[in-house]
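Two complexes follow with subunit A in common, the first pairing it with subunit B and the second with subunit C.
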Partner chain A sequence: MGDSRGPKIAGSSERILIPGTGIELPVDFDLSRRDMLKIAGYGSLAAFIAACGGTTPTTTSGSVTAKGGSMSIGSYLSDAVPKKGLQDVVDAFTSANGGTKVKVNTVDHGTFQNTINNYLQATPEDIFTWFSGHRMRFFAKKGLAQPIDDVWNDVKSNFTEGFAASVKGDDGHVYAVPTSYYPWAIFYRKDVFTARNYKIPTNWDDFIKLCQQMKKDNLIPMAFADKDGWPAMGTFDILNLRMNGYDFHVGLCGGQQKWTDPKVANVFKKWAELTPYYSPAFAGLTWQEAAQQLRQKKAGMYLLGLFVSEQFVSGGNADDINQLDFFPFPDLGTQYDSEKALDAPIDVYMLAKKSPTLGTDSGQAKAFLEFMSKGSSQITYWKASPGAIPTANDADPSQYPALTKKAAQIVSGAKRITQFFDRDSRPDFSGPNAMQGFLLRYLSSPKQDTSSLQGQMQSFWDSLTPE
Partner chain B sequence: MSAAAVRAPRIRPARVVLHGFLIAMAALWIFPLFWAIYSSLRPISDTIQHGYLSWPSNGLSLINYQTVWSQAELPYYYLNTLVIAVPAVVLTLLLASMVAFACTQFSWRFNLATLMIFTAGNLLPPQVIIVPLYRIYLATPIPVLGEIDIGKFAFPIFSDRGLLYDQYIGIMLIHIVFQTGFATFVLSNYMKTISKEITESAIVDGAHVLRIWWNIVLPLCRPALAAMATLLFTFIYNDFFWALILMSTGSKRPITSALNNLQGEFFVNNNLIAAGALLVAIPPILVYIFLQKQFIAGLTLGSTKG
Partner chain C sequence: MATSITPAREDSPEAGELAPTRRGRYNVLTRYDRRVLMLMVGIPLLLEIIFIWWPTLSSILLSFTNYDGVGDVGPQNFVGLKNYQFMFSGYTLFWPAFFHNVIWLAWLAFIATPIGIFFAVLLDRELSGTAFYQSVFFLPVVLSLVIVGFIWELQFSPTEGFINNAFGLTKANNIIDWLGNPRINLFAILIAASWRHVGYIMVIYLSGLKSVDPTLREAAKVDGANEFRTFFRVIFPVMAPINTVVAVITTIEALRAFDIAFIVNQGKNGLELLSILITNNSISEASLVGFGSAIAVILLVISLGPIIVFLSRVMRTTS
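Presenting the complex of A and B:
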């Protein structure tokens, strides 16, 4: 009974007043069976009254969730495979939660992201699928997402500290339940490395030496593609994280640090040591084409997200996917190596504050969020859609294939997790007119003096209207 | 006769150049379509293995068409578009012909001004009013009158949430509003070619205004109406913009958004998208073929004023 006045304790007999009923009960923790029945009776009476008063179905007292009834989800999981994954979870939820009816509104993920602002301000569904990072905090700050601290209190023991930090808004409240993620790392083919006797590099010097060796062996050392603008940001992220640390990187994404900082110049300088080993004409390649260079053994390594495996699977040759492996980004010999920070974008479920149905009953939606934070539900989703990894501590990893196990391992070893530049920074700065364009210009001549470029980056940031 | 026989085989260089040019241009225009058809017939694994510039190693198949038909739920999205497009075209033509009729067949004080307003509305770019329109749609209540269920899709008759936002009728209305200007402009130019003696003699015979409009002017305008119907259908069919802003339910959006559904979050199966694009292109082509005769007649409409 979350009454702020607190229970009234009367005299020595230690009795408690049940708010709103005028009934006093002893609180000497020696309740008779009759007392228990009394409590249960009033509980069901309250439920009966609630049921008569409106459509609100049974709310278990003391719990934030409710069974039965109905709720809705706005989902960007429009690809056939994840769409089925969500449907499986929804079906499991319906049968576990007293037959709650769930309406899923699936919108293709591109449109969903482009129209999210309109969507959340109009008549959104109760729950919506979204991303962690700045993208989550932005809508929390705008008042379009509802805090879920009560849900989080029930489920937080099932998540690591990294995930807990990733769902907090600027105001300290929790706004999302993290459900899956995938890491960025350097991918390679095991058979290529075995045949040529390459060793996995653990530091920068070995890494560059390996690149040189691959070049001699007529391989493209690093597959790279930046036609779509965003892939290059992954390399910037990891270099900045490992050279300048997590705090600086997050500050840079959020505008607290300056792009003109010499630390940023160092990142570009370091990056220039790697660019000679990139795929030729990478500015015109899509990431799919670069992934094919790796799959066809034309390229030796590729820094990308775990989703690169989709290109290996859809090639139709089973051996390709068995040969795919990855290793974490090599150490750069800085104090931040020990952070082992990396990009591991986390997908989350949130409550849309303006949902017309959420205001009157949020119990079912909260029940779904709690359901979604269980390892077993996440595994149900993962089985249908194995592209990303469950976040819950109690998700059973025994069924994971080797690649997924390893991915889960390197993320749990990371002390700091970032979400990828376009999820960590504001959208108007990570777009093609800004960061993507700046990086393409840098990559057109990596050896250039970057001070004027950095100046332009900073003045672009300064020109943006405050959020 | 002999002169003709001698002249026939002579090929003038100018003619060779002309035909060479025509063939080259035709090939250039047909190439993208051919490329789409060719890609759509190949499984994605084949093109990933061998690249797009290759002969099919496992033969061609219609598997992409099957997948796209079921995965993108194309039949439902065709219905979504038809539910919006057909009433919108009919209502636009009715309303526009009324305005054009009143402005061209009768002399009244503001008939020219009215015509100009409708034509000017045609020049307004829809993007400029999108924000106020979005707010208006969110603030406009309309009654909920039940819905028609077809398969797993439900088509609400008026609204399913009591708002104009996120409804078929909302999209239909905005199309009617925006297309009426253009249709009025074209139809009034055509109606000007109808001599006033016809309407005047109808009045003498005792026909009232609505009767003249329905029984005399509209039948005379059939080529213009058919041409406009073709054009309007294509415009509305191709629209993506309104449904993007004024709708939030993915399964209510028109066919153009079904193609977006095929674009994977990370992985893009271009062969599947090619198959989808070709299927989606069929209805406007069918409409064009059925109304072709009128369409060509309509091309010149309004070019000479009566």
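Presenting the complex of A and C:
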């Protein structure tokens, strides 16, 4: 259960109370991105401990919130399943908060992300759905997000230090309320593994051998799809984390390490051992199509986030979701195996500073953020959209199915946690222009000498305006 | 035509009544006429300045900055020619995108447009059911390119798509990754683009053919010219104005190619196009507005060629 790491959590961040305001600020204003991620890593562990350990009721002062009135949410939850989840929460909020009218403006997920910059500068809604990590701090630093230290002060007892660190901007203020997270792991179908007598591989050799066996058995060993560009980053993350360690990976995302480093070449070399077992024509497939390969027993395994379960809920028969299981990425025999590092992105809600209505709706918006911080609200959302795990300490884990419990467990067992490449690195490097395109080019011939590709990656990084 | 106002007004009785004096030939326009004219020219001009010239000039200015789309542009943002330097030397996507646009142009010019013209010539021959064929070929033209992209994305999908399934190409050893293989995906979407382009050209050309004097054909026939010769020696030269329009449309379509590639995979992995690089840089989460503007300026410079040809041709035909 990892309880031995408990004390570290408490000591990982010191705080100072500003007299008269009730606002707590961390002493260390220069918390680097590396520290943030490190703390985020410890935090998820604590999340699980807390999730196991029963409830801690939230105390709300009510001073920053208001009942009745109206407010608005800009949401990227455009898929049917999560969209319903938000609507359920909003309905519950309206009835709990004196009939506050909530306008939800749902925008296609990809479009929302791509236009976020303009959106936040024009006439955004009061609250917007977003991601933690570098992506949150980026907009906080640009002055497009409203600090919510007062809200946080009311609800922070319901979150672990790790989540607290994940919503803090570079200036030490809190900018978001974390509401859910999910791990990346290798998913498989229990019935397929039982029928064929496959064993869960714990090291790389067994993993490759299993892939070979599956190929003989006419299965696609590893489902893989990269038409959208971002899924490949998940494989890069985990290989780099396990081969070169958390510190190197974070340094690479932040620009302190170079893409021309031979360590990166090793990642690509190792990756090439796996690519022969990928779905044919993966560069033209979407992750949903690859998830269907796994669901339809055409593929044996799939490295993806927990959200793959959405495809098992929405398509096919009811038993599919019960057969879905996962195991952690196998050990590579390096010194970094013990870090058990993985991607576990946290989703958040934030206040848009430029919202024209925020002036009048501030109390209602903050009330919603506090509402979203409650375990009961997060469970409401989770029930409709089970692809992610609630973050609040008082979210009742007793209703979680085995898959969700296991997902919380794998995150808590990790000593180092990252968000995902496009949340940990700068947006102008992780987009289709750069990282997505580079990885696709690598995947088009994985056996290539990657030195020129790495050179291009580094020169692209160097061309970006320093942050 | 509407441009020759002056002589028409002189002859009309209304003009005589409204004109305050008929002494000078410049006074044929009443003060009211002049006001109307000023409004008629001024409003479009103003709109043009606001919506076309201002953004164009802004793009050119922004191309010399490292502006990231947040807040105001200040003197500290100016970086000189750095964006252009990087684009031509360091940016690995610029030249591929440029050549993809060139391939797009060549494909439309030498394959899609000739097919469209060929269809027009066939349909001009009063075949039975000509209206039916016309509507079939014209149908894709009424669809937006985004829809065309969606439709063909479904056709080309490697495992679920119609094409691979119809030809039994869904097994691992023979699967064709139409949209994911960077060596063929450009041609796959060119087929999609042509599906629409052929109909478009056909309609334009057909309307041109209908206006050709039939006696020309009869004369050619009497002189003993065969169909082939009649078309290339008589009809095609007579169609010169339409030919220019078709050529310019083809060029512009190639330069503004964007929608289908963007729908398919946001223009990466072999589908890079100049217009997509502009979008991905300027209005994505990345917000490299300055650098995106520099690419836009290059595209503008390239576009000026066909625009000038088109305008000079249009002005010559109307005067």
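Here is the rule we go by: the second predicted complex is superposed on the first by the 380 of 467 C-alpha atoms of A that agree within 3 Å, B and C clash if a C-alpha of one lies under 4 Å from a C-alpha of the other, contacts with A are read in each partner's own complex, and residues count from 1 in each chain.
Throughout what follows, a residue touches a chain if its C-beta (ideal position, glycine included) is under 8 Å from a C-beta of that chain, and two chains touch if they have at least 3 such contacts.
Quick caveat, the model's predicted, so the values are computed rather than measured.
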Is A:338 in contact with subunit B, with subunit C, with both, or with neither (first, second, both, neither)? neither
Regarding the shared-chain residue A:227, is it in contact with subunit B (first), subunit C (second), both, or neither? second
For subunit A, which side has the bigger count of touched residues, subunit B or subunit C? C
In the overlaid three-chain picture, which partner chain does A:118 touch, first (subunit B) or second (subunit C), both, or neither? both
Look at A:307 in the shared chain and tell me whether it touches subunit B only, subunit C only, both, or neither; answer first, second, both or neither. first
Once the shared chain is lined up, is A:437 touching subunit B (first), subunit C (second), both, or neither of them? second
Please write out, lowest number first, the residues of subunit A touched by both subunit B and subunit C across the two complexes. 114-115, 118
Which bits of subunit B are touching subunit A when the two form their complex? 43-46, 48-49, 71, 134, 138, 161, 163, 165-166, 244-245, 248-251, 253, 257, 260-261, 263-269
Residues on subunit A engaged by subunit B in the complex (per definition of touch): 74, 76, 78-80, 82, 105-111, 114-115, 118-119, 122-124, 288, 292, 305, 307, 310-311, 314-317, 356, 387
Residue positions on subunit A within touch of subunit C in the complex are 113-118, 121, 135, 142-144, 220, 226-229, 280-285, 289, 293, 427-429, 431-433, 436-437, 440-441, 444, 456, 459-460, 463-465
Complex contact set, residues of subunit C against subunit A: 66, 68-71, 86, 90-93, 156-160, 172, 175-182, 185, 264-269, 272, 277, 280-281, 283-288
